[in-house]
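All chains are identified by letter, namely A, B, C and D, in their written order; residue positions are counted from 1 within each chain.
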Amino acid sequence: MNVIIDICVVPIGVGVSVSAHVAACQEVIREAGLEHRMHAYGTNVEGPWDDVMAAVKRCHEVVHEMGAPRITTTMKISTRTDRVQHMDEKVASVTDRFDGKP
Amino acid sequence: MNVIIDICVVPIGVGVSVSAHVAACQEVIREAGLEHRMHAYGTNVEGPWDDVMAAVKRCHEVVHEMGAPRITTTMKISTRTDRVQHMDEKVASVTDRFDGKP
Amino acid sequence: MNVIIDICVVPIGVGVSVSAHVAACQEVIREAGLEHRMHAYGTNVEGPWDDVMAAVKRCHEVVHEMGAPRITTTMKISTRTDRVQHMDEKVASVTDRFDGKP
Amino acid sequence: MNVIIDICVVPIGVGVSVSAHVAACQEVIREAGLEHRMHAYGTNVEGPWDDVMAAVKRCHEVVHEMGAPRITTTMKISTRTDRVQHMDEKVASVTDRFDGKP
């Protein structure tokens, strides 16, 4: 079962800046060899369910190891059985509708 | 690593009523032996990380088996290393602040 | 347009305990006269769109006034035009399916 | 109060393909003159609180007008009082940490 997730990991109790922790999660996902793309409020990740969820768990472990006593993560999970759809195609299925527009 | 999640599984392409699919997920979580409580917009589930995430995967599998071609799930994940906290304690930590109020 | 939301307000940069801020949000929602119910990972709120969203804005204002430099809120928003549905009915539509079960 | 949100509007009861509805929401946000960027699982939107939330409400109205009897939206809302931060800066604060990496 393939999955596309959107994940936003928020460490609590480490002060106002959380970019070091977010960067560490990016590293975890990159090392896992998963297709991913960061945006201003999270990261899209694509791959087999177990691999993606193992990376999510590893993110929590790494952020705790960096000193965060508490983490709250928000995640969306998309699966479909009717066809295979990749991240780029999801964006294209919408933007294609604007073709020809100024 | 213990985890408290809040999960809301939304089947797409099965019509307006999704209560049968939500009930099937409740059954999956109950069978997994995980502490859980449903509310009007999701379900709180508590337990060891791997057990909880295995139940989440099983929910997607079961809802697809019921005929949903597409699922989008929204999930929050809470972990902490400073102390063990259960679902009831999270609610109590807030409501205790209202003690003595009318 | 009536709405049911689930909201979880997370102050960042105020340390590990956030229960005082969550309690302040409960107070905002209560003062707004909105139907609500807290669970272990958020609060369900029901009412007219503008009233509910005004309360959400007030929550951010109050939590900032309490000293939080940064807030990240996770929210689900449900609207429907086919019929009016209240929070209790959403839960009942699922639990009724378990009637007669041990 | 400025806000950065991430929003994912999901129409229920309109079949498997939801790209027309998502495109209509893009149009609403574009017409509102709000800075925005779509990704594979939602759209980042930035602007004054009231303008952004008016666009969110308009999205629900438009998607219902297109025939969706039911909508569930997932949204994250970020506000901060310590400094002004734009969407691009949020991404840069993380990617800058990888500078010099292969």
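The rule is short, and it goes like this: a residue touches a chain if its C-beta (ideal position, glycine included) is under 8 Å from a C-beta of that chain, and two chains touch if they have at least 3 such contacts.
Predicted model only: the values in this text are computed from it and were never measured.
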Set of chains whose contacts include both subunit B and subunit A: C, D
Shared interface numbering between subunit C and subunit B [over half = same, under half = different]: same
Chain pair among A-B, B-D or B-C whose interface repeats that of A-C, sharing over half of the contact pairs by residue number: B-D
Subunit B-subunit D separation of Cα centroids, rounded to whole Å: 25
Centroid spacing, where centroids are CA-atom means, of subunit A and subunit D in whole angstrom: 16
Chain centre separation (subunit C, subunit D; CA means) in Å: 20
Residues within subunit C bordering two or more other chains: 8, 13, 16, 69-70, 72, 74, 76, 78, 80, 82
Residue ranges of subunit C in contact with subunit B within the complex: 4-6, 8, 16-17, 19-20, 22-23, 26, 37-42, 44, 46, 74, 76, 78, 80, 82, 87-88, 90-91, 93-95, 97-98
Partner subunit D, residues of subunit C touching it in the complex: 1, 13, 49, 53, 56-57, 60-61, 64, 68-82
Subunit C-facing residues of subunit A, complex: 8, 10, 12-13, 15-16, 18, 69-70, 72, 74
